[in-house]
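In the two complexes below, subunit A is the common chain; its partner is subunit B in one and subunit C in the other.
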Partner chain A sequence: MSRRTLILLRRALHYKSFILGIAILLFFIGLSIYAEVTWPFEEAIVLWNNPEAWLEYPKFAKPEWITVFTGKRELRGSLILDSRVANLTECVVEIYENKSLTMCKDLYKEREILAVGNQRILSVITEITFNYEYDEFPSSGKYEVYVNTTEKVYVDLILVKPNGLEIRLEGGFYTAGTILKTLEVKPGELSRIQLNYAEVVKKTYGVDVDVSKIEPVKLLFIDDKLFIEKGIYKPLNGTYKLVVSIYSTDINATAEIRVLIHGTIYGIAGTDRLGRDLFMAIAWGAPIAIAFGLTASVLSTLLTMVLAAISAWYGGVLDNAMARINEIFMIIPFLPTIIMLRLFYGLDLWGMLWIIILFSVWGSGLKTMRAMFLQIREMPYIEAARAYGASSARIIIRYMVPRVIPVLIPNIVIAIPSFVFLEAALAILGVSDPRLITWGKVLEDAYENAALTQGHYHWILGPAIALFFMAIAFALIGFTLDRIFNPRLREL
Partner chain B sequence: MEKSENMSRGDILVIKDLRVWHPVRKLLSIVGYVRAVDGVTFNIPRGRIVAIVGESGCGKTTLARAIMGLIPATSGSIIFEGRDLTKLPRTIIRKWYTGQVGLVQQDPYAAMPPFMTVKGILEEPMKIHGIPKEERSKRVREMLTEVGLTPPEDFVFKYPHMLSGGQLQRVAIARALILRPKLVIADEPVSMLDASVRIEILTMFRELKEKYDLTVIYITHDFATAKHFSDEIMVMYAGQIVEIGDARDIIKKPKHPYTEALISVLPDPDPQNRFTIKKTLPGEPPSLINPPPGCRLWPRCPYVMDKCKREEPSLIEIQDGRKVKCWLYA
Partner chain C sequence: MSSAARRRREIVRYLRFVGVRSASVLAALVLGMLLVVIIANLGGKIDQIIEADIRFSVGMVFQDPTMRKQIEERCKQECLAKGIEEEEALRNCIEECKTSWVETQVEILKRARGLDKPFAIRVFYYLGDALTLNLGRAIYMHSDTGSSRVWDIIIERLPNTILLFTTANLIIFFAELFLGLMLSRKYGTILDKLAVSLAPLSSMPGWFYGLFMIIIFAFWLKILPSGGMISPETPPDPLLRALDIMRHMILPLLSWLIAYVPIGVYYYRTFFLMFSTEEYVEYARARGIPPRIIERRYILRPTLPPIITTLVLTLIGSWMGAIITESIFRWPGLGSVLAEAIARNDSPVIVGIIAVYAYLLAISVIALDFIYGIVDPRVRVGGE
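Presenting the complex of A and B:
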């Protein structure tokens, strides 16, 4: 048998379509291995379903390779400005009586205890500088200020643009702890940044600007001259400086600042609404799709074959009973049943797999295969086998099944993508595993969040292309195997 | 020689009043029976080659299949080596009887599973009957040599489609003999083969029969090969045996009108007779669902009498070993 397999394989390699199919399949297998190595299964599920883990990633980021076509410079991932991290790099620290200075390449921190009357006040001034040399605005941003004190603190946060314009992000009293703000604003509301920007522009250029239509994060990075004079939105390139001043009556307090500026591109496949790396979903979708499709296809086809062989070989009452059961299963509507079962029993992907197999076993395939077996049953070599004492089980397994295997193998391969698509279709209908990462679930998420109308094409295209290529791979392999196993088709 | 004398005594197979009727169903009820084999009685002496001759549809293949145990007998008994097959449970038939009888089928191309090698095909019966591995490959080699497929190494890994019809029939014979059976049923083994290969195969078969002390039931529609190959001939007509006798006797002096008619239409090698048109029996063989009353041949018989239409004759022994089922000899 192995000699035969080798011969068949060698013949298959003469077909370019087979090589192409195998190449795509090998790519997906490589992707699966990569996924398993990079994010082990349980870890990947926890990571994917935990929005907290993705806070540092830009949302709706496009794939990185898109810049090859647009030629624009865009911010990749997120710019993270963290006063704690800066302290760890090569810095010069000077300590005076009431004052300490930390000077790094892009961070300057001044900690001083001031005497105001008989009150002693702590002043921490942190300056973070960064370059912004991109053609696109950041997608969004957020900042976090940590002060570990139980008393009141005054926080003042100013962004100094390369042209010297100072925009206040934050200013006021806070009671201790963490201040966590995003640069986003709800539609119809104006944020402090927008108001402050209008004020600053009025003071500097003497014009009134309508800021209600522009997101705060854009105002922070906009080229003011172009905007005021021509109404063009373009980011201003150059060195920005973020100045954080913190004043507190608690002189032992420490203050740290962390600013995140989210870019517009990330990774091979971009990110989704939570900033999750879509490449991870595509990579982990591959092994699940292959496992699901292969198991469903192989098991349902083999079970169909066994049932058909038993039905055809024993005939009589058994055959009749199986034909009636088959007809019942053919009438039961598949989709409503599986949706209902999913609702009542909360099935996971593998639970759904069994139900899909249970339904796929029956149907016209069983009838066709039974007809094939009925024909084979009458072959003289079967009679010969009975004449030398072969048992029914042996006749079915050793004499009848090998005759349908050549028809079966291409069918199994060709049916794999239909099960992968079925899983995706069910996911879009909301019938999917709550934990697993599948291509269908990414598509469902994209669909629910109107990815296409919002212009997030990569969100849909990534998993869709993966699905498409998986179908192509199995179709190419399946059709080639069909030509080899059933050479009569070649004449047509 | 003494052993063979011993063996020739006694009957290996005794068939008594065997009937194989296939029910004809319409809706849910049985409306009639096809009497494919209807009241057949004969015995096969050990070590003989017995030919069953008859036209297509006369029930010879059904008879063979019933003897093989492939289809159940409706009534009657098939006694092989003193044990009645119709009363034996199926498992004993499978474990014991199938090892005692071999079957050679008509179409060698269809008789071989196309996905097995010659080695696989020949080993299958031995695997089923639990013969150990070393013994199996030894026997495959032996058997291939015996049937003239030499050297065996050239054939063991071949698939059926790589062999010619004659070679395949040799493999089929090897498969039938590989379990060392006592009885071989050859159902038209050479009718699908070239005339040039036929004699070769039959001669080989005969040699093997001598070597392995076989008893052979040779089913054919061809008197020429039956005469050449067999010791005894049984003529079948419409599910019944109409004449039994020594092969040469039957061909030289046929007694039953049907045998006579069959033999009269044999091709005649004498050029003198090249223009004579041979007379055949009028009409067609009767329906096996509704056979005519009395003798089944009477509508076509040139010697028909009143008695023939009313009463069925029985198989009467007219000489030693010669039996005829006809009122002419009663």
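Presenting the complex of A and C:
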């Protein structure tokens, strides 16, 4: 039988659809290996479920390759401006009596102790320059000021745009520690940046502008002339300078700043609402989908076969009992019952797998297979086996089961996607495994957070396309195997 | 034997067959429900549901002002009899007496519903509740009319589910049958090959295509609604409302068509091709019977029983797949109720939906047997 199977499998290679299916499947297996190598399983789960780990990533970023089609220049990932980690090797440091200067390529830091009356005041001025040469606004941003002192400090944060316009982000007294501000603003509220922008524009251009409808981060990068004169929102390209001035009575204080400007594109698959790299989810979804689908399909089909063989061979009371049990399982609604079990007993994905297998064994598949075995049972060679005194177990395993293998193998392959989609369906209903990374869970997260109405199509399309190709791969392989193993179909 | 007598015997056989099958399915329903009840109550969930229901009905007594006054008055008398006269203490005493009254009432009702009985017996009380569709009250959810009874919540949404998915299944069924028959006539043509190569599309479920449909038609082309059943701004005119509901049905129907028609067409095409190579069909052809009649009498007639089985099986299956399609399209049917119950962890609703689905499945199976008995005389003869 195994020789025959091998010959048949070799014949499958003549079918383009089979090769295409295998190629897609190999791609997913490669992806699984890549996922396991890049982010080992436990690490991946911890990383994925820890929002803190993704703070530096832009939220809702589109996939990078999208710019090939739009032709737009967009900021990839996040622009991180950190006064601590600036490239200090290229710096020139000059130290005077009351003053120290650090001059680097894009960082300028001036630390000075001023005498005001009889009081000595520390002033630290940090200037960070960066280029913004993109066609799209940054998606958002945040900044952190770290002041190491026990006393009050005055912090002044100004962004100087390429056209010389100065917008104040921050200004005021703070008690020591970290000041963390995001550039996002709640709907209906006006941030300091928006108010300051209106003020600066009024002073410079003498016009009143309505800033309530533009996010602060956009105002920081907007082309002011176009906005004021034509009402067009476009980012202003050029060199920006961020000036942070800190004044403190504690002359030993240190002050550092870190600014994050989040872009609009990232990676192969983009990011989600927490800035998580969707490619990681897509890569890790592959092995989980394959493992889940394959286990469920193989085990449930094999169990069905065993039950059908026993039922058909022994007949009588056993057969009758099996038919009644089958009827019960046909009446218990599959999906709601799994959901109930998951909610009441908190099963994980593998726990649900066993329940799903238990349910899938029964149903019309068992009936068809039983009918098949009934036919085989009446065949002369079985009679011959019985005549030479073969045991029931031997007849079932050695003579009956091999006869249904050709029907079984294509069925197993064709059924795999249905189990993958079952997991996705459960995920969409919110009853999947709470920890694992599956395509269905990404879909659910996207759907829950209105990804479509917000226009974050990549969030849904990424996992959806992965699901699509996996289903197609198994379907192509399964249909080809079906044609080869069941020649009656091949002729048609 | 006269034809009338034969006919009578036929009918008796049919009725016996239907009776036996119905009894068998109903037994399966009872056993299945028992299984569900046992599994659900292993963690004591149903006990909680029943107790919550009892507490609700006892609490309702206080909603009735005359009843409340009566109880408060009785409590006051009791407290005064104990010799408590100071105002603060009296109020506390009355409150305590009220709570203890509620507790005794709850205890009495719990005993009446069998909650004090051991697990094995309690399960049968619950089985009775489930079979009589006495499903208790939801914890958080309400029907649109404001009732918190699980039955009301479910029955309100059931027509919507039936409307969408019966339409879908009927369209799919006839499309498959028609296209399959047509392709079996055109075996080997490009059209036939195309249809065969489309079959793998059916390895994906309807709700999955729904995602793409929504993106394309609702968000990209903006020509169809992304979900829901009726737009809120639609005037109350019944014709306009019907048209609006139909507009909302287009995308779910389309996604189901893409998902389920290709495999069906492939299946029927092969099925009809196999039958059309049977010897008796060849003989009919040789006799010069026109192809239309051959199709109707020699191919369709003998294939009718399996076709009808497939129809009813898809109708049964549609209750399941509908759950996710409904949540994707926010269609206000039974599936949406289940999705909401999951989101709010409303266990009575979940158990209630299982009971209702089990009934629907049992009814479908019995209906299948009824039809089967009519179209396939063999089943009547065999008794099974």
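Observations on the model:
Definition applied: the second predicted complex is superposed on the first by the 484 of 492 C-alpha atoms of A that agree within 3 Å, B and C clash if a C-alpha of one lies under 4 Å from a C-alpha of the other, contacts with A are read in each partner's own complex, and residues count from 1 in each chain.
In the analysis below, a residue touches a chain if its C-beta (ideal position, glycine included) is under 8 Å from a C-beta of that chain, and two chains touch if they have at least 3 such contacts.
On a predicted model such as this, the values are computed, not experimentally measured, just so you know.
On the superposed subunit A, the two partners subunit B and subunit C both fit, without a clash. Touch criterion met: A:331 reaches subunit C, while subunit B stays clear of it. Applying the stated contact rule after C-alpha superposition, one finds that A:232 touches neither subunit B nor subunit C. Once the two complexes are laid over each other on the shared chain, residue contacts for A:33 go to neither subunit B nor subunit C.
Looking at the shared chain after the overlay, A:379 reaches subunit B, while subunit C stays out of its contact range. When the shared chain is aligned, subunit C comes close enough to touch A:479, but subunit B does not.
After superposition on the shared chain, subunit A has more residues touched by C, the comparison being subunit B against subunit C. By the touch criterion defined above, A:339 lies against subunit C but remains apart from subunit B after alignment on the C-alpha atoms of chain A.
Shortest separation of subunit B and subunit C in the overlay equals 8 Å (C-alpha atoms, whole Å). Here subunit B touches subunit A in the complex through residues 65, 68, 70, 94-95, 98-99, 101-103, 105-107, 110-115, 124-125, 128-129, 172, 175, 179, going by the rule given at the top. Of all residues in subunit A, only 17, 324, 327-337, 339-341, 343-345, 364, 414, 417-418, 421, 424-425, 428-431, 443, 447, 452-453, 455, 457, 460-461, 464, 467-468, 471-472, 474-476, 478-479, 488-489, 492 touch subunit C in the complex they form. The part of subunit A that touches subunit B in the complex is made up of residues 379-381, 383-391, 394, 398-399, 402-403.
Interface of subunit C with subunit A (complex): residues 24-25, 27-29, 31-32, 35-36, 39-40, 42-43, 45, 187, 197, 199-200, 202-205, 207-208, 211-212, 214-215, 218-219, 226, 270, 273-274, 313, 316, 319-320, 323-324, 327-328, 338-339, 342-343, 345, 347, 350-351, 353-354, 357-358, 361-362, 365.
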